[in-house]
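The structure under discussion is supplied below as structure tokens; questions concerning it will follow.
Labels for the chains are A, B, C and D, by order of writing; each one numbers its residues from 1.
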Amino acid sequence: MNMFRLAASAALALAATAVSAQQTVKIGFITSYSGLNGNLGPYMERAVRLYLKQHEKDLGGVKVELLTRDDTGPNPDKARQLAQELVVRDKVNLLAGVIFTPNAMAMAPIATEAKVPFVIMNAGTAVITTRSPYMVRTSFTLWQSSYPLGQWASKKYKTAYSLVSDFGPGHDSEEGFSKAFEEGGGKMLGKVRVPLQNPDWAAYMQRVKDAKPDVLMVFIPAGKTATAVMKNFSDLGLGQAGIKLIGPGDVTTDEELPNMGDVALGVLTVHHYSAGATRPQNKAFVAAWKKEYGQNETPNFVAVGAYDGAAIIVDAIKALKGNMDPDKTMEFFKTWKNPNSPRGPISIDPETRDIVQNEYLREVKRVGGQLANVELETVATALKDPWKEFQKKK
Amino acid sequence: MSGYSADTRIRWTEWLPWVAAGLFFFLMPEYLSLGARILIFILFALSLDLILGYAGIVTLGHSAFFGLGAYTAGILSARLGVNDAFLQLAAAAGMSALLGMLTGAVILRTRALTLLMLTLAITAILLEIANKWSTMTGGADGLSGVQVSPLLGLFKFDLFGRTAFLYCLIVLFAAWWVVRRIIYSPYGAMLTGIRDNAARMHAIGAPVYWRLVMIYTVSATMAGVAGALLTQVNQFVGLNVLGLEPSGDILVMLILGGVGRLYGAFVGPVVYIVVQDTLAKQYPEYWYFGIGVLLIFVVLFARGGILGIFDKLRDKWLSHSRPKSSARASAR
Amino acid sequence: MLSSVVSVAFHGVAYGMILYVISVGLSVTMGLMGFINLAHGVFAMAGGFVLSSFMARFGVPFPLAVLSAFVLVALGSVVLERLLYSRLYGAGELTQVLFSIGLILVSMASARLIFGDQAARVLLPDYLRGQLHMMGRDFPTYRVFIIFFSLGIILLLWFGVERTRWGAMVRAAVDHRAMAQSVGINTRLLFMATFALGSGLAGLGGALGADILPVQWAYPFEHLVYFLIVVAVGGLGSLRGPFIAALLIGVADTACKYWVPEFGAFLVYAATIGILLWRPMGLFGVRA
Amino acid sequence: MAFALQTEKLCKSFGALTVADHIDFRLEPGARHALIGPNGAGKTTFVNMLTGVLAPTSGSIFLNDQEVTNTSQAARVRLGLGRTFQITTLFRSLPVLDNVALAVAERTGVAKRMWRSASSCKDIVEESQNLLGVLGLADDAASAAQDLPYGKQRLLEIAVTLGLKPKVLLLDEPAAGVPSHDSGKVLQQLEKLSSDIAVLIIEHDMDLVFRFAQRITVLVQGQVLVEGTPSEIAGDKRVRDVYLGEAHV
């Protein structure tokens, strides 16, 4: 009964903060609860609620009101309409959330025109933050994970094949990986882009198998598609044929691991967050999550993006004492640092307003009877979005 | 109610939607972006009613024209720098008309499930093109950078959506006037004849197929204009304007309001979008449960859509004063 | 080259078989009852969830769980048929479209509430995992199983329809509905039984295919287009038609992905348009 | 002299089954002609070929000396060929007036117009009302066609076709399904038809046929058995054999 629990906890959170409400900061929170990948929205909202609950006492009496809206999946006109309403009618101080790139892009002009700071908590196409000076991103870009992945892979393997979903993040991942892989002396045997909604994967896997690369790099949106890919990889015996499966962390997102089963064992990925990471901040985060939402629940990278998104907002409120002047808020965002995020130290690049973070190489292993992404090494430290760095050089 | 026995004067009830829109503008200025969205979908539904309600063409691919119109307007601005609103509308109308004529000429000889699948396949192919041709359309990331110059050089599209709302309202009013003229014309009467009994229409010498192609083209044009409006209001085009989903949505909205009665296209989108918007704020993960229940309820208890309920009530009331209700050329 | 042809044909056939087992019921209900049932995928989804929860929660072995998916979905569909569908026979296609979309929405929300956001978890028994090595190629065991199992089901179904009294009644009712009624066939019972069988098969297909087409609450909408294409291309009211169509789609889709992946789903839709313009009633349609 | 309608060696077969076998048929202008024959003689197939619903296997059809063998149904209607259907084929949910008006509008070319209101097309409405008046349906103009009693639906069927001002009128069993005490009314209306129109009637009701027709053609197994005046037909032994034979079987 997710719905009722959510509603109840929301009501509680609001009631609790309402005690000494002189000032209210309104956050227009738009994410996807229904439609394609509608499963990700709740992770985002839970993470934000959890952070607010943990830190409401630090707010000095400023009340935070979260106005949640469903953009029904990759539905930019809907997202834009909701943003417009939140700004015009509800007079929100901040916009936040957004799973899908097109939705973020459609909302960009609203943020600019209305001067409303907009915290992107997921959508990961590199170009997004260039679309409005009022955007800041606390999640990731695909280049951040795929580029170091390519660098690392080029040291171990000679040939690679890439298989990505045919949309912005997929293209970013493909470009980031192959650029790094080829710079490191590797050879791309092929690149395939797969429709977002693709029923059967066997044909693609067969194609890869017959090309006999050393390594297959996969990016697909997190969720059940990832499971389907893993199963097909194993069903067609690519592993036995000596092909290694790697990718940005979306292939083995923490919440899907139980569905994948043993086929996921040994898969190597590069990502900024693993629920299984052993740093104390993360252990505390996971424990709090399980306490709040149940022992079987695990946070994922969407959750951590939103959790840190809530952190940046709460810190801004504290610093500005609730007076959320848009330009001052943006100034604060640009210099924000958090050495204690569950994913390690992070900060915002003042120039691009994009996240700066570490990237970890992980392997799926069995830990205490459960599958988990175990961090092996840090392959990049305080990494800025490589795409934007390359753009600057041009 | 169309045809040779119809009273074509505008009844006072027909002004109600416009009065309501006017009141909405002044009384609920904070909801204007939602309002503009509703107006656009009313126009889209109206275009569908012309072929579904009056000519009996059941389609799951009407988004092909809506989407083509949206992309035409968007590409014109974002890629070619043509920012004049009326030029964009005209181009969208022209492209959609062309597509309507071409595809209509190929598929309108078929019926029922076959027609349903052909229309669906056409919009699915357009969706694939929009997805793959990303240099032109922006692909799955959507087409941003669309701009619309101030209307007549005076009215800028503002953040509150005032200009957008009035602009959509004026376009919708013009479209309503056109549609109303068509359905009360001999052509409209002829279309209801085709819907009612196509074989008989052949036997009285009507070139049924070409007549259908013609009205399909008109309807496509109007859907294209609706799509262009969506682009202009949002300054953005996403892939979601094409494919099965928007086609299904608009079909549901129209049937919900009532098919073949002109104002069903007004009532359906208002109810659907308002219910969806309200439910989604309360239960973002489960709002479609409520919509589903609403649809099943309408099917079981209110055939003929929401306007059908009013008809039944009126008939009941009239049957007290008159012995027998007169014939009505209403929907099935 | 030759060996890749074998692989493409193999994967295409396996995929086509799943599509057929799920869609054949739709062809019959649409042909027999004239009901545009867009909600057919709901039954396939239900089958997937039955399989997964029986295996995961109650430890039911795979074969029994598959059987349960068939039986439970068939029974469940009878309830729906009696309560809702039967009121709408002959109600006009628009009403049926509206109703079935409503049903899809309600069942998607319910599935999400009950089973959550994750796809149904299917852990195959060990004897169905791994590969079989034949003709110098590897073939996933589960897909080989799917092909043979589905073939068995299909033969059983065809035998039932061609050789039994029930089958004769169904065929009579599809071809000449009024006549069937006038010679005293209890169409009410016949419809109910046929509907249950069709839905049960969809449940079976959904369960069998859950490892290939992941079952999650959005399932009924995601795959709707494919089910409809199979039925329309194959022809309403036919058993053979959708079989050929499903294999065609399965193989064409797989071939397109294997050799020309940059064309995405173009080929399937273009083929659909081509075939329907060539034969508007579908390949083996009894009625359009 | 030109014939209103003429066929030459008209043949139609469905596989091995021949349902029209070299039919040579002539309809004179202004004729009152009946086509009779036992069940399965191929009458309806013949009518469907004349109107263009079915394409003949071989042979040709002429309408006022103009060959129409391959022209469309609609084009034949424009050339003056009107037909009624054996099974009532009306615009059931539309008002009676509109049923006729649609035909009148189609004939006069008004039906293509999108930009003026239908009910303001006075000439169309008046002509339709007159036609309804002629057939005794004036009081029913506003009812839906499906609400009319069956006898009146048959009359409306004729009224719709007359709206096309046909030179040649094919009546496919106009009294089919009409109770016998009402078939007189149908006949009454038929007798009022203008003498400019050549009428071909296909009918089972022999009473009606012999009172109405001036010439009769008998079709048996897709072939013309005999043609003549009513009295010649009534006296023809072969015809009696066919019908008596049928009656005895």
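Of note:
Operating definition for what follows: a contact is a pair of C-beta atoms (placed from the backbone, for glycine too) under 8 Å apart; a residue touches a chain by one contact, two chains touch by 3 or more.
Because the structure is a prediction, the values reported are computed rather than measured.
Comparing mean CA positions across the assembly, the chain most remote from subunit D is A. Contact tally for A-C versus B-D: the pair with more C-beta pairs in contact is B-D.
Rounded to a whole number, the gap between the C-alpha centres of subunit A and subunit C is 36 angstrom.
Distance between chain centres (mean CA atoms), subunit A to subunit D: 75 Å.
Between the CA-based centres of subunit B and subunit D the separation comes to 42 Å, rounded to the whole angstrom. Mean C-alpha positions place subunit C and subunit D at a centre distance of 49 Å.
Looking at subunit A, one finds that residues 2-3, 38, 42, 166, 195 touch two or more other chains. Counting partners per residue, subunit C has 113, 262, 264-265 as the residues that reach two or more other chains. Multi-chain contact residues, meaning those touching two or more other chains, occur in subunit B at positions 131-132, 285-286, 288, 332.
Interface note: chains touch in the pairs A-B, A-C, B-C, B-D. Taken together, the subunit A residues at the contact with subunit B in this complex read 2-3, 33-34, 38, 41-42, 68-70, 72-78, 80-81, 84-85, 87-89, 101-103, 105-106, 108-110, 113-114, 125, 127, 131, 166-168, 195-196. Every residue of subunit C that touches subunit A in the complex is listed here, in rising order: 4, 7-8, 11-12, 14-15, 113, 116-119, 121, 123, 129-131, 138, 140, 142-143, 211-214, 216, 218, 222-223, 226, 250, 253-258, 261-262, 264-265. Listed in rising order, the residues of subunit A touching subunit C in the complex are 1-3, 35-36, 38-39, 42, 166, 192-195, 197, 199-200, 202-204, 206-207, 210, 223-225, 227-228, 231-232, 234-237, 240-241, 255-256, 258-259, 261.
Within the complex, the subunit B residues that touch subunit D are 2-8, 181-182, 184-190, 192-193, 196-197, 199-208, 211, 326-330, 332. Residues of subunit B that touch subunit A in their complex: 30-34, 37, 131-132, 139-142, 144, 159-161, 230, 234-241, 280-281, 283-288.
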